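Order of writing sets the labels: A, B, C and D. Residues in every chain begin at 1.
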Amino acid sequence: MNSQLKVEARDARTNGRLDPAMLLLQYERVRRFTEFLCRPLAIEDYVVQPMTDASPTKWHLAHTSWFFERFVLNAADPHHEPLHPQYYFLFNSYYQLAGKMHPRPQRGMITRPTVAEVHEYRREVDDLMTRLLQNGSGRTLHEILPIVELGLHHEQQHQELILTDLKYLLSLNPLRPVYGERKPVTGHELPLLWHSFGEGIYAIGHEGESFAYDNEGPRHRVFLNPFKIGSRLVNCGEYMKFIADGGYERSDLWLSDGWIAMREADWRCPLYWERIDGHWQRFTLDGVRPIDPLDPVTHVSFYEADAFARWSGARLPLESEWEVVAASAPVEGNFVEDGHYHPIPPMKPPNGFPAQLFGDVWEWTSSPYTPYPGFHPASGPIGEYNGKFMCNQMVLRGGSCATSRSHIRATYRNFFPPTARWQFSGIRLAQDA
Amino acid sequence: MNSQLKVEARDARTNGRLDPAMLLLQYERVRRFTEFLCRPLAIEDYVVQPMTDASPTKWHLAHTSWFFERFVLNAADPHHEPLHPQYYFLFNSYYQLAGKMHPRPQRGMITRPTVAEVHEYRREVDDLMTRLLQNGSGRTLHEILPIVELGLHHEQQHQELILTDLKYLLSLNPLRPVYGERKPVTGHELPLLWHSFGEGIYAIGHEGESFAYDNEGPRHRVFLNPFKIGSRLVNCGEYMKFIADGGYERSDLWLSDGWIAMREADWRCPLYWERIDGHWQRFTLDGVRPIDPLDPVTHVSFYEADAFARWSGARLPLESEWEVVAASAPVEGNFVEDGHYHPIPPMKPPNGFPAQLFGDVWEWTSSPYTPYPGFHPASGPIGEYNGKFMCNQMVLRGGSCATSRSHIRATYRNFFPPTARWQFSGIRLAQDA
Amino acid sequence: MNSQLKVEARDARTNGRLDPAMLLLQYERVRRFTEFLCRPLAIEDYVVQPMTDASPTKWHLAHTSWFFERFVLNAADPHHEPLHPQYYFLFNSYYQLAGKMHPRPQRGMITRPTVAEVHEYRREVDDLMTRLLQNGSGRTLHEILPIVELGLHHEQQHQELILTDLKYLLSLNPLRPVYGERKPVTGHELPLLWHSFGEGIYAIGHEGESFAYDNEGPRHRVFLNPFKIGSRLVNCGEYMKFIADGGYERSDLWLSDGWIAMREADWRCPLYWERIDGHWQRFTLDGVRPIDPLDPVTHVSFYEADAFARWSGARLPLESEWEVVAASAPVEGNFVEDGHYHPIPPMKPPNGFPAQLFGDVWEWTSSPYTPYPGFHPASGPIGEYNGKFMCNQMVLRGGSCATSRSHIRATYRNFFPPTARWQFSGIRLAQDA
Amino acid sequence: MNSQLKVEARDARTNGRLDPAMLLLQYERVRRFTEFLCRPLAIEDYVVQPMTDASPTKWHLAHTSWFFERFVLNAADPHHEPLHPQYYFLFNSYYQLAGKMHPRPQRGMITRPTVAEVHEYRREVDDLMTRLLQNGSGRTLHEILPIVELGLHHEQQHQELILTDLKYLLSLNPLRPVYGERKPVTGHELPLLWHSFGEGIYAIGHEGESFAYDNEGPRHRVFLNPFKIGSRLVNCGEYMKFIADGGYERSDLWLSDGWIAMREADWRCPLYWERIDGHWQRFTLDGVRPIDPLDPVTHVSFYEADAFARWSGARLPLESEWEVVAASAPVEGNFVEDGHYHPIPPMKPPNGFPAQLFGDVWEWTSSPYTPYPGFHPASGPIGEYNGKFMCNQMVLRGGSCATSRSHIRATYRNFFPPTARWQFSGIRLAQDA
């Protein structure tokens, strides 16, 4: 990968203050990285919506631009005329308070604007954003800089979705198209060890001046019983044993809803796995590959992660336990900038920390996604970013191989329904101590 | 109501020990009370399944007997021959480890055995149970008494379901049949006050020798921020104001899933409410009645409870907060034995406690139903009773007007999906202090 | 069966004129026969709707009475007050012009009125009808006698539906309840011969003064190519060969819609058949029985009949061909009054006519159900009886073992969608000559 | 339009004999015309499947080429290796006997092969086809020429589908993209007159040496009652009166299935119509336009056509009546080569013939699509072309503005389900004489 692009968005804050010039630099890097991710695509690949949960790449490109136009350019200039009034309708995702929106399941029906026109829209927004960040008054900048920063993190989330949605789309094609080649990786075989933590009151959640989403706060105290956490992710070899042991046949291992969902969807292995002539293979962004037993298992639902944990005689960690473990760990791992688009075996033995906490795969926790004590969403449409989804979803932690390094942190709370499998979601075990 | 029947099941334990004679007395009372609840029914009313979530009364009558045959008589006598082998299949609810089962959505297709034959089955089981409790060896009794006790609480749960399922069924009939008459009740108009509780570590959950379901333990510590709890339930008058203020029209009041569910189902008021000539009426077990603004609101989903709380500038309590409040309150309120089958206004001003904590309506909490730290379900099929449902459901507390007084306690955790409305579910508010 | 009941409705016309006294006799016989068919039922069996296409027996009992109240008593007396106003809503089937109606898929939700109350409703209608037929003015009788006659044929149709709907309901019960016992029947093994008919213009359709539904006329001319008709129905032994030869596996035998429907529903044999230890059995109204290879095959869809015919190197007859064949045949066969409720082998060699034209099973034709040239439905709601269904259905001819002998004739056009299997529907073959 | 392209496929037969050189000329013209129709498209427009009934343009381009490869190149050379083996799977439409196929509802998920690759595939097939038609042995040509001819008519059908599927796709886009501009047309206002035909035996169906689909034969006799046929198509002005008169509100005008379908889909006007500020507009391939009351009404389902006819006191014609009327009429009208892509008012007063019989809109008949007497489909997969669809569809006659002039004839039988509205389908009235 182009090394310039690898230096993507970092915290644009100095002592908690946002600097317009720094933020413009970040803006430039994040926006270009989105387009970099589209380079392997044919025009045809941008258009299709493979399922309701996923969106066409073209939509992601336009929506992330709409976010800046609607929430930044609009706020900075009360006389701002929409660049393309109908894009306000087409590319609003779910912000009810920001106006009417095109229905999500119809996103794949919209062949126009074309990809070229969407790229042109991106340029128009970029021009206005650049001018604003360069020339905006102090008062305006004070108001909009935090939203620009939010918009960049928002775009990084969509970068990850571009990859997971594309992977799902390409997997539906019997031709099994290849998104990109990866360098072969040789990792380490690590034993699964258990790190212990004592009972007590711990503080979790974000506080301070660095960026975080609203759902990461307020920082607050929780009481935890003693627990142990696994020293690395569950790998594919271990998951194969679960399958071979009848993991998908034994109702006693599953939550009731999971058993029903699994039977109805006829799951017998993780998404993208298939057994060919007795050998497990999986579809990846670089084509169909034999499965390396040391690779972390991924594309499992919460239900599968939970059943696997029960089969192992362990359990999934609480999100608070995970955060306590990760709080002082360095943010190192396999991220999208490394160009693997794939979870890989541990690269080096961990130095006292559980390995693979960040990057590689999102780790399902046993915690439903609920507001932290004292949580209040922002007012206005931006308040819809996170808060209104706090029901029927489970929290995942740690980022994945499709996440940017600068996007993740120990307090980050991702969330998906327990049936979701198309994200890079995997398993770390915990136990009562 | 027959005063003998009012003396229903109490704790059959003395110093934590179960006494067979006492338990037989309880058995007799609980079983007869089930049948008492069926007295107003025509044979036709026993048969129909009004929706997948509900079951025919006939099925409840048989399933509760199956529970005793399958888990008690079977365990007590290894040579026990099923009284009716096909009932094992027909009346198993969800115990995968207890054998195959008739599919839930088909329960209403089974016209035979007839109601009379199911009553005969109840008698057969009762005879064997009586003999066992009277003549069982000490060793056998030691093993089965806790299951008998569990079976009685299980049957009390189904008594409540008989009433809620029947109410739903009768409501679908344009003739609006009446289940039973109630005595008119005049309650008190109470102001809504706020009781404060300080931050700290609290212990919640069941421990000790009295009966509780496995999901109520282990007792464990939680850290709570300071909070305030409402002194009574939200009443219908308050809920009417929410409706009149556009509560069902404002997306900003709703969780995203709630907004979608509410729009799809076209909810505009609680279940069973309808506006006739500008006046709110509701279908109850005693027919269509004008709504008393002082009655607690009921038959609302979690989503509606949550939206109402947000509209009120408050929130729903955590289940731990609720339990801390209720821990030392007397178990008093409006229960099924009082013969109202309906939530009613507070009967007397509370003496320092929040009113209506027990009985009347189940109170939605903001807590998803998850295992307590250290929770382990029992082994074998009985372990499927509670544990496998710990996903996608919200906890409700406190019992309802369809609950038996002896069935409820401060640690009791009821749970339903956030869309459920056919239970007697209502709202108590909380706030950050 | 009670021999008095066997003498059921005959043509109440003398020289085309309806006589009130004769019609009252018919009325009495038809109405009592409906109730006779319900004798084997438990109350529970009356209530349940096993699928949207079928109705509860209780509904049939009430709807046939509603027909007389709504279209006869109402017409005869402009001051007639509905006996039970809400029954007008509950028991209207599909007559849009007769007022609003309870939705068909909800018919099984209505536990009240009870069975006893519906029987009471029948008596009330019978009393008024009797009085009307005995005392009505000449002018009134002139107007209503044809509707009474229509109502009796309508009720005979519902007698057949009571049996087919009940059979479907009972089949869903793993206990496999028995409706009634039948006398064992020994039939004749007949070779399949072909009767030839020459090309030419033939007249088909009803004309004259005897009763017929509106859809049987006008009588009109059709041009037919030379054809041959099979001398008897296709029997179960022949159908077993079709199955054994991969009939359900070969797409080239099936219409495209049939192939799709069959695959989706996973049909591998006629409805109610099952193979137990290598032997074909079928569920019948008298329980599960081994299949007699000489019995006519029944409970097949049009698609199966069509595929069987193609496999046989033959085809299904046109409805016009069938009628030409049947026009001069005696109306003899196995009807509901014979108490078999089951298609049986031919009872005697046919004397020059194809056998089994009437009774036993409805015979699928290759003719879509369309209006005859010059067809005009009656005005008003009665016009909705037949005409509005003339799309997406196929014509069946000849009646079945669940039809009354007096109900069937050579011009009778029954019709069902090509997927329907719960009627007694079978196969007669034809060929181009 | 390029005048060379206007000279598209004509009958390549001389005295019934197919000449390879002539056929190659036709091949060239038809294939180029398909590509001509794609000129206004962006790459994005080729990919999306807007509903299960429709297909992406890219799929049409590939499937029509697959037809030639699979049924011609394969048959001509037993050693033919598939050009791209997976295309055999991807681009088979419904020929079960030609091998497995990609599921129809997934056609829009296939972003690769790209549009450019599909065009390359077309060129590869064209090269081989050209070589075959130029150099094939007499024996080979004798066998394959009829299939080549069939393939050209097949491709012309898909040209029409390209336009109707694209129109449907573009209509889903709130931007309302324009496919192509049309020349304004001024037609004639013609009174609706009735042409009478006497009763008798008529022969219909194709015979002779010119091309026809198998479903157009055998020629056979039918008996018709006297009838009258409308002198022109029903126009939009007349249809507006039907709407204004409550046509969509009166159940008595509709077939039962039509009423249900219309209510469920909430139809209140033809597809693509909308009322803006009290004025009727419609989406067309050249954008949103005010409706000319003299334009033929189009994009109505069979149910709407049938209801309109009933409202008019008329009926739809039988397909035999239509063919008798059209048998001697010249094949003149508004076809796709005229570049309107839109039904237009009659261009000149008809000279004794009903006007607009060919072109403009497909005319719904009252005839279900069934086999003609003596019909036998070809053996092998080609036999699946027409015969297996002879159920649940209605016949349409006469071609449309999206049909090629050389593709249509008086015996041509088009067919669609009675709910279909996205074809250019309209209404001609008939009456009993």
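In this section, contacts are C-beta pairs under 8 Å (C-beta built on N, C-alpha and C of every residue); 3 or more make two chains touch, one makes a residue touch a chain.
As the structure is a prediction and not an experimental result, all values here were calculated from the model.
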| item | value |
| --- | --- |
| Common touching chains of chain C and chain B | none |
| Furthest chain, CA centroid comparison against chain B | D |
| Length of the line joining the C-alpha centres of chain B and chain D, rounded to whole Å | 61 |
| Inter-centroid spacing, chain B versus chain A (mean Cα positions, whole Å) | 39 |
| Approximate Å spacing (C-alpha centroids) for the pair chain A, chain D | 47 |
| Residues of chain D touching chain C in the complex | 94, 96-97, 201, 220-223, 225, 251-252, 254-259, 302-303, 366-368, 370-371, 373-374, 383-384, 388-392, 418, 432 |
| Chain D-facing residues of chain A, complex | 42-48, 50, 58, 86, 89-90, 102, 106, 108-115, 169-170, 172-175, 177 |
